[in-house]
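Look for chain A in each of the two complexes below; its partner is chain B in the first and chain C in the second.
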Partner chain A sequence: MNNKNNLKGWLYLLPAMVFVGVFMVYPLLDVLVYSFEESYNFASQTYNGIGLYNYSYVLHDPYFLQAIKNTFILVIITVPLSTGFALLISLALNSLTKLKDLFQTVFFLPYVTNTLAVGLVFMILFKKTAYSEGLINLLLNSFGLSSVDFIEGPYWAKMFVLCFYTIWVVLPFKILILTSALASVNKDYYNVARIDGTSKLRIFTKITLPMISPSLFYLIITGFIGAFKAYSDVVALFGTDLNAAGMNTIVGYVYDMLYGNSGGYPSFASAAALILFAIVLTITVINLLVSKENVHYQ
Partner chain B sequence: MDEIRKLERKSRIRNTLWKTVIFALLIAWAIIVLFPFYWMLLTSVKSYSSYNAEYIPKFFTLSPTIANYIQAFTAVPLAKYFANTLIFTLITTGLMLIIIVLSAFAFSRLEFKGKNLVFTLFLSLMMIPNELVIITNFVTITNAGLRNSFLGLILPSITSIFYIYLLKENFEQIPDELYKAAKVDGTSDFKYLWKVMIPICKPTIITVVILKVIECWNSYVWPRLITDDENYFLVSNGIQTIRESGFGRENIPAMMAAVVVISVPLILLFLFFHKKIMEGVSRGGTKG
Partner chain C sequence: MKIILENLTKKFISRDHKNSVVIAVNDFNIEIPDGKLVGLLGPSGCGKSTTLNLICGLEEPTEGKIYFGDIDVTNLPPENRGVGMVFQNYALYPHLTVRQNIVFPLENLKGPDKMSKEAMEEKAMEVARLVQIETLMDRKPSEMSGGQQQRVAIARALVKTPGVLLLDEPLSNLDARLRLQTREQIRRIQKETGITTIFVTHDQEEAMSISDLIIVMKDGIIQQVGKPQEVYNAPVNLFVARFLGTPAINVFKGQIKDHKVYIGEDAIMDTKASDQEVYVGIRPEGFVPSEKGVFTCRFDRIETTGRDTSVVCHNENCISDEDIRAIVDDDLYTHKDKVIRFNLKVHKTYVFSMDEKVIDE
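For the complex of A and B:
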């Protein structure tokens, strides 16, 4: 009876085990192996030796350094801005009685749209071509500013569009999480504070912020992880040849090494992916340590 | 008396002012969210010549045309991309559903040796980013000769540990008494799963399905790595091709028509199921 039960349990698990084994566990070990195999040849599947050459190659590759720089700038700008802005919008939403659902639904729309498709619209809005300035540039002109090519122009103009689009894409998730956190704060706290004549600012810092701090930190942690893995939205704005555009990200570098015009180097790709993983892991651990001291769990 | 009335009026004015600021903020963001959608729709119904003639683009058009849509379907194989994505989404979601229901059932209801160990292993795998495993998967699928095939597209996408976890939690909420009663009646485990557990957990299953459909419809990275034959392109790859070589780089109205066609299914899904989608996402969905 017992053996029969064991067998049955494993039988139900079998399909999941097979797929997880082949497409998650094995690749995880394999990526480590790849990253240490020197001059791996994809066609003949041979390599010359074991060592750290792949890591050293990647870390000295100017394209990788550019990708690191771009990714860090993107993270440092978008994570605090999107979280802060999401908090602002959620607070505004939470103070509404009418129209709250309508606004909430509208704000969530970008979450379900295809990043590449809408990115194309953003590109057209920001792009400056020979025959048209682009809508955003016309807007700038009307304020007396001169036009900039946001898509193929100066670095910071491109970075601005990328940050703007990234925030546009990630905000729905953050607003959703924060509005549900705000809505679940017990109203009694506010009523007591109001009777005591506490100021709005004090209510916010002493009641609201501590009560929603778990959600806020959850968003900061996932926000960092997500921003470090930026790729599709960058492709949507600047095309697939990101190295030429000078806008590549770490994940973009990994995929370029794997496939495409400069592809065919799974060893370099693996080394870069593991470097990314190390960065993300470090940042997440730091975040968790900081949150331990500041987050208020009920 | 007068003092109080004055104070009241002052606070009422301050309240209205505060409300106005809040509404202004919300409306401004709503415009930023909606404008790209309006712009793609508007541009897609402008004729090629009138679009290019407008140095300062007009915010409306009096002579909408469907010519761009016709071109979107004839000049590039948009219908093919569309059908591919539909096949990919349906098969992936269907297979995933079978796998996660079976394993969530095993984890939540069956007792067997090693169950907890496997579950812990599964949970720890949830933290592994896709970028790490995609390299080997690319090599595996390439070596298996499955590039440019639906099998190659689908196989690595059909397990989701997170959804197994979500469903297991839900299955565990079903009271034990029900299971025991079914056992006494001589119901088999599989029949119990099919006739009792799945119907009870239908809301969660629907949420999982919708989230997976959205994920499949928007997937870009894996399809891009594994297909270079247009016959197997999904909509995201199709959009990228259209952008880079499609109608000639200049034909923006036709491009926008293609973008509208690709966006409509998800927007419809959202309009019908927005409550379910938002509820599901706030229960733990993330966007990487």
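For the complex of A and C:
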């Protein structure tokens, strides 16, 4: 009886397991295998040996090191800033009485807009061409500052645009999550705090923050993962030849190794992908450990 | 501290209709004596919670004044009024332990009132002992029963030794047995501290059992104020009579003719009032079965619910309920006939005019 039930259970699970197996587990394992096969030839599907050469190559590749640097800068700047801004804006929205819905809609609009279209707009805003300065440069000029080419100019300018753009793109979703988290905090907590004469700052740090900490934590974790996997935003701003622009990211490097101008190296791509995986896993585990202390689930 | 409410009025603009005004609290004038436990009683939506919010300062009155002792607190913010409040859902901070919850109000103190850690701890333990939760200080609210959470909330409200303690439906989230225990606790705590306490409830039994004074409200208007038993024994109008007492009072259509009160054909008592249509209210304990009784009903059945034995019968003039309930003293009482006659206790029988005010005979 028990055996029969077991069999039935597995049968019910079969469709899902087949799909997960074929489209998730097998590719993952395959990537792992590729990453250890040295001098793999895509056309003849042969390789010379098994070893760590691919990892060594990738870790010594200046393009990859640049990609890692870019990605880390992006993560370190955008995750805290975007979460902080989202929190500030949500608090402001939450305290509004009139026009709350209007502002909520306005802040959510970027979320439903296409990444590439937005990237194009940013490019037009920031780009300096032979014919025009670009809106941002015009603004800078009006303050007496000289023009900067944000798209093809110095590294810091390009990084600034990328971070600005990334924050702007991820903000709406975070605002959405945080406004609903703030709205779901029972008003009685604030009433009690008022009667007890609690200062605004203390209400925020001792009541509001712990109450919304699960949502905040969710945003930080997904924010880290999302920023580490940044790619399409960068393409939208700087085009597909990211190595030349010096603005490549880890995912961009993986893509270039597979399909780019210098592509056709699945082994290098796999090694890079697994290095990214290791980084994201480490950061997420650290996040989880930190959250044990500071996140309060009810 | 005594509390005086003077012409206190609170109007809300209704959300569903434009410009329509809801008067939640209508011209309250009352003096609540120092050190008493006062029950604010009324059906849902009668404005009792609004009254509480006005007293603690979470709402601003549209008109009128509030005095604590001799001080006008009408325009003071809640934190400067020296009130402690316990909310219906307790509103304990879920991420803090019991100790941290109780100490929280003390940590807000600034300037000369600022307390040392040891002093706060001592004060917290003092109130914890008062409400008997001193062994639970390191628990989180989610690890406690409803009754324990309730006591933590009271401890937190008391820790700054407020002049006034306000409780909003303090027992409504507890089960029946715990409710009995907790209301005794509230009574004891109030007696030990001597703090003027106002609690809101829609449960008349709760209010009657522990209050020194009850205020019965309906539609934002005070109906009657007095000691619970006085209000029960001498309701000023039909609403108060019907609201207090379980089983509820039986109400009949009747009339006064030639200085006698009639229900249907039965003349049940004498009166000095002039001839008119009236309502007659008879408490369940006001019926005395008697062969030659003045009031005739159709007998239905006898119900025994633990302590009380009641006769259930019918009369076509009854407008309160289909069943008339009469509590009889004899718990072995039997009855066989289809008709049952009662004599009525005069002090348990009330006559109300058609505008529902009591008629004193």
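One rule holds in what follows: the second predicted complex is superposed on the first by the 279 of 298 C-alpha atoms of A that agree within 3 Å, B and C clash if a C-alpha of one lies under 4 Å from a C-alpha of the other, contacts with A are read in each partner's own complex, and residues count from 1 in each chain.
The rule is simple: contacts are C-beta pairs under 8 Å (C-beta built on N, C-alpha and C of every residue); 3 or more make two chains touch, one makes a residue touch a chain.
Here the structure is a predicted model, which is why all the values come from computation and not from measurement.
If you put the two complexes together on chain A, you find that chain B and chain C both fit without a clash.
In the superposition on chain A, A:G226 contacts chain B only, with no contact to chain C. Looking at the shared chain after the overlay, A:S199 reaches chain C, while chain B stays out of its contact range. When both complexes are overlaid on chain A, the residue A:S146 reaches neither chain B nor chain C.
Once the two complexes are laid over each other on the shared chain, residue contacts for A:T97 go to neither chain B nor chain C.
Here the smallest spacing between CA atoms of chain B and those of chain C, following superposition, is 7 Å.
If you check the complex, the residues on chain A that touch chain C are 186, 188-189, 191-192, 194-199, 202, 206-207, 210-211, 213, 296, 298.
Residue ranges of chain A in contact with chain B, taken from their complex: 5-10, 12-13, 15-17, 19-20, 22-28, 30-31, 34, 42, 88-89, 92-93, 95-96, 103-118, 120-125, 131-133, 135, 138, 168-170, 173, 176-177, 180, 222, 225-226, 229, 231-232, 235, 239-240, 251, 254-255, 258-259, 266, 269-270, 273-274, 276-277, 280.
Residues 56-58, 77-80, 83-85, 87, 89, 91, 93-95, 104-105, 107-109, 142, 156, 160 of chain C are the ones that touch chain A when the two sit in their complex. If you check the complex, the residues on chain B that touch chain A are 22, 25-26, 29-30, 32-34, 36-37, 39-40, 43, 52, 55-57, 98-100, 102-103, 105-107, 110-115, 118, 122, 125, 128-129, 131-140, 155-156, 158-159, 161, 164, 189, 214, 217-218, 220-221, 224-225, 235-236, 239-240, 243-244, 252, 255-256, 259, 262-263, 266-267, 269-270, 274, 277-278, 281-282, 285-288.
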